[in-house]
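Okay, so here's the structure we're looking at.
Each chain gets a letter, A, B, C, D and E, in the order it is written, and its residues are counted from 1.
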């Protein structure tokens, strides 16, 4: 087995002032060519984890510990120029909201060319390269698109442009932060199809962030489930969906109505609301909502144990079926 | 008692560009008391406009909407203690649908107070009753919206709608904005309320799974028109319209794993601009079944089996 | 007393989180103390009393800020001037805010021809030279401090119309306002209970900023003889009167100018603090 | 589409509405200035003759009223003013006998040049200092920048003006405004010297709000998603700042600048007096004291047209910098 | 770093602008005098203008029959000599020889007749018509003129001075060119007028008196006096007219300052027709409560002369010749008690601070002084035109006024205090005694006799505390050191620029 492309270990993220933990000691690896999904609800720390890899954490939020080793370089310690060189070329990112992630006052062509400009020299072929990239993601009338502004495009088209931008320099790792959440289902499906097709073609690694289990079910190889700033469960898609170990994962899966289920039986719900990561402390963050909770759960935090195929952070896992 | 939507059209004039947006293009549907109508469609299909028209927030450009035989319009003076309070709406975003400067208790009590629905000294009791009914701790009554979670807020919104003692509740994407783990609770609550209070629902969503879960009958909308209508089983199990089929195929489903066909493209292109509606069948530009006549003749809803209507000439 | 951790944090809490706000509040406190001294007459000298023997004296233990050409105590006059400047600007801004906010809210809420009318009217005043307007008001109505206030108020009303109308247009479309219409509430109730409380933030900030502008406007009008009437002192009038003697008596110009600076800086910082405190986006973070 | 629909679409279209609203605003202003002037005590005769008016016989006063056109009823006075205003000469200044159009033709460029110089200086200073401040919010340099902004707000223009005049003239024996005013095309060098100080005074007044707007707009834009996108694709910090952050912060800055430019037109009065520039501010102020109705009215209308023009220009600039605004 | 670069560019460009600024333009070789004034002229017709600035500028262009000298003596102007008949009803003038208008035409009796008739014509609206309204006929030819008067009127001679009495070309009058072309006999020729900016004049080489040394004179309008002083200090102008004492006090040793008490005076006008000022006791109470020296010290920075009603040196009133030469609060108290206002009273006074430099200070000090005597002087501060309207309508109880003076007390006050005076409403006072005294004054030719009459008038005014005369502000002319030979005149005229040289 080859070395992991990205290896995150013990990553902690917190606010700078009155430090509040937002992500607590997260560790995972992505192998070359592998697609990993991160699933979690809002506030679970999934987006921050993704942003921290590229050093794009918002103001007032910073990495509090741990390391992010990409291709042998620790990104948490890299100098700004190294990071800049990495961004957009080796690692690129697609964002949640295609409405706001593109500069509204810059022509799309210009925004794509900027990627090349930042890493290579612009030359006569650059425009053609950009046009080819746009064509590849299914943008019609590429010449016109180059001269258009983001607002002249629909959400789906914008997200295609974002993907073209991200793929322009053939990155080794594509990070996608809920790129289809803002889109309609039919468009979402188009985008998912596009991304998985491109990934296969380029043998690219991918980190896909989402709150929608349905989206990643057929897209990624392995899945990480986050809750309240911690990874509660990780493993292959097959394992997690068919045999969830963590009560949270389990509850989540059974709370979703399925299209194959014809009984319309009452949905199982998880009582309560998601915990704030900084209130978790040294406990299991899911304990207040867990039906299997014991004193142990609030006395210390469970560690994530298991293999790459399947690991869980729980004192009372669901057990195999 | 029933809600009768007859040939409703709604157009907006965009002054800046001098263009007309065709939001609803002739929608007819009837909702019987006690029934839950699910409306599904993608953004821009007119489902929210229809919801607002049903509660009187929008006046149709043509056609009529009647509840219990009486026309619903936006004249506020008629709404006071009138049949209109029998139709209430729950919005998608529980963050923007509560007045941030009003305590929960006041939000719920206001309609009761204004319309004198219960005696003054009974209002507190009634609010408690409503809070309990939607599964909230009555101790939350003095909180402000920003102190509640999304799920709690949506429950408050439901309680507020119920305070007007409605018969018909229009639910416009009521769980879309909620965290995944709390959606089920709210869905369950809605189902319980329907049973306990004998409510009629119009449940609007882009999420077929939710629609499927709660609806008795489902209407599929595309570009301001109903393209297919039928019982939930018929629509989900036996979709006929190519758009409905595509919608169902595109629905992400966690119960199917590692199936690469789930990532196949089922529908090309995007929804056309409602300013320039395609001629004929508005779906023809994206339809695999389209024949030349589809771009000329606009199909009307026709019954293909008992209670299953579809607007397509090729099925 | 134990604080209920769930009790909402008031605007004050958020206000005190802002450095500008704290500095502004301190300066504002200073202004209030100074004005109160003048209100209660806790002044070393009568601000109007002329004493030729002491004319044009520099700062001393008797006259802390020196005297002007009439031998009046500039310290006492500065304090009294602060009170008067605040009186003029507070009343001007109160009038402008009351009328402007009312019209702005109605205009935004009612829309249609009424909105058109109000927007046109405020455009008319916007495009009109303020000096001419002030001249008209002062010369037809007289020139007590309240007429000056009125003149400034007229000039500032359109600003408040705009400041109030904009948020109303937004808030009107908010779901919680739409709900009230579905619930069958009267327009008056919707305006009072649901719209007004939610458009106050920009208005409150505007009030703080306008107060500081009003003081400067008053000084500009005084410079042209249309503001506070001598011998009464307002900070602006003192500065404009001191212009001619500044060459021999720097103190006559310096101290009132410094007071103006304190007022303007203070009110702007308070405005910044309020903006921070009332911005829900900043609150949530 | 029926004929009626087409007509109503044209009538409701933006350009027509826009022009309609501009015309109605101008009409409102014309009525307003006309009435305001009539309300202020004192008429053209008093304005022209001062205390000597008392020496005039009733016949003379009657003749003067005819001469000044104030013998007619108010509506007639308004109509005849409007006629002359629309005919292009805008009426005549009674003291000089020169048409107001030609007076304005001389005074207006001065004020516009002054306001432009003030605006340019103000915008340059404001954006520079605002950027300087926003680079490190909360730092010493931010404090210094903000302090400048607040000070510039707090010092009245007339204080700054007289201070500059006194210091440069008395200490450096330099006061270009003592020479006769020269126009830009006659002697650009001299003209710029004469415009420099008044322009600076107005510039500082403009710089304060522009600085504050710039600072807050930059701080707001820096947190926008597309800035993160730009950083995320490896654009270097300098280009992120100029292409993405500053460019997108321009809209509030342009708005603020437009407003300030409008205020400058009015605020130029004091500066034009102190620096002896024969601009519109002085023309209006003088005409007000002399109760030269036609001059005041027509000048105010010119101001209003200018003010509206600035609004339109601001709009055009929006369209230029923000492609989202529909053409 | 990006910012520092931006700043570098910014500071370099600022430095460039500043550097350029300090390169002063080269001096011209010809003798050009630039005069800084605050106000523009308002018209080119010398007969109808009333503004000081117009009078000052056109005074260099036009000539009048007589002139008023530095000691307010009447000197010959375009009339070389003159004489009255015994009862002062006829004035015979002998005109100066070889006087030419700027257009080259000769000046003679025709021009005098045409000019005076133009002034007398009601339709002209001439400002000084009232002063010569007693003229019944003007005859003459060549260089002699005979003026007949309806009543004995010796003071009319003094009335012939000034720009409002300018001699115009009869041809111009006939051609109706007055106010459009400027054609005078004065030391300077009119060149151009740029409204709001400047009036340009050039040397008249054919001037009848001594040759003019200055090549050009330019009146430059600089609206604030502080800026005028700045321009003087910077050397961009060489001469100026100032009225503000505080600005005058800032004139440094690098300049010459000419300080002349003017004929105008600042007074607290009391409207004796309005209660409570209709009571003599109230008016006297006010008179006794005011320390005029203090007003001068505070409002005029000590830069003025305390005066009585008549300011002309030849007839000057003794400022102390009045019931209360000095402040006497005891007397005030008594007067107030007699009037029934022992507890004090309130009087409203109108004042226009933009009218003249000392207005606001005067009003403020008067208010402060009267306050000590229990009289509340409520100030009604108005813009100039509003003030004038109310003043003309007599719509005030008191007015802080700065009124112009004339060298002859008759022309100075005949419009105010006789009951027939057209400003008597403004004066607010008349009496039979006053009417008789004015009639007598007009008819008397002998100077000594006239002095006595006007002394009586002055006493009558002061004893009745008709108005409270305060002080005569100085008129200032500040000039660069290289401006030589200037003689200031109390009338405000700059005519002596005809002898000024520029070294």
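Just so we're on the same page, a residue touches a chain if its C-beta (ideal position, glycine included) is under 8 Å from a C-beta of that chain, and two chains touch if they have at least 3 such contacts.
These numbers come from a predicted model, not from an experiment.
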Seminar exercise, completed: A correct list of chains touching both chain D and chain E reads C
For this session: Report which of C-D and C-E is connected by more C-beta pairs in contact.
Result: C-D
For this session: Please report how many Å separate the Cα centroid of chain A from that of chain E, as a whole number.
Result: 88
Exercise. Taking each chain's centre as its mean C-alpha position, how far apart are chain B and chain C in Å?
Worked result: 48
Seminar exercise, completed: Distance between the CA centroids of chain B and chain D (whole Å) is 52
Problem set entry | Contacts with 2+ other chains: residues of chain A | none
For this session: Could you tell me which residues belong to chain D and also touch two or more other chains?
Result: 40-41, 162, 166, 288
Exercise. Can you list the chain E residues in contact with two or more other chains?
Worked result: 226, 354, 383, 386
Exercise. How about chain C: which of its residues touch chain E in the complex?
Worked result: 48-50, 52, 55, 69-71, 135, 138-139, 142-143, 224-226, 229-231, 241, 243-245, 247-248
For this session: State the interface residues of chain D toward chain A in the complex, per the touch definition above.
Result: 222-226, 228-237, 239, 243-244, 247-248, 321-324
Exercise. In their shared complex, at which residues does chain A touch chain D?
Worked result: 51, 54, 56, 58-59, 80, 84-89, 92-93, 95, 97, 100-106, 114-115, 117-119, 149, 151-152, 162, 165-166
Seminar exercise, completed: Listed in rising order, chain D residues that touch chain E in their complex are 40-43, 46-57, 59-60, 63-64, 93, 95-98, 103, 106-107, 124-125, 128, 131-132, 135, 162, 165-166, 168-170, 172-181, 189-190, 192-193, 196, 238, 241-242, 272-276, 278, 282-283, 286, 288-291
For this session: Mind listing the chain E positions that touch chain D in their complex?
Result: 2-3, 6-7, 10, 17-18, 20-22, 24-25, 34, 36, 40, 42-43, 50-51, 122-123, 125, 127, 129-130, 179, 193-198, 218, 220-224, 226-227, 229-237, 252, 354, 383-386, 388-392, 403, 415, 422-423, 425-426
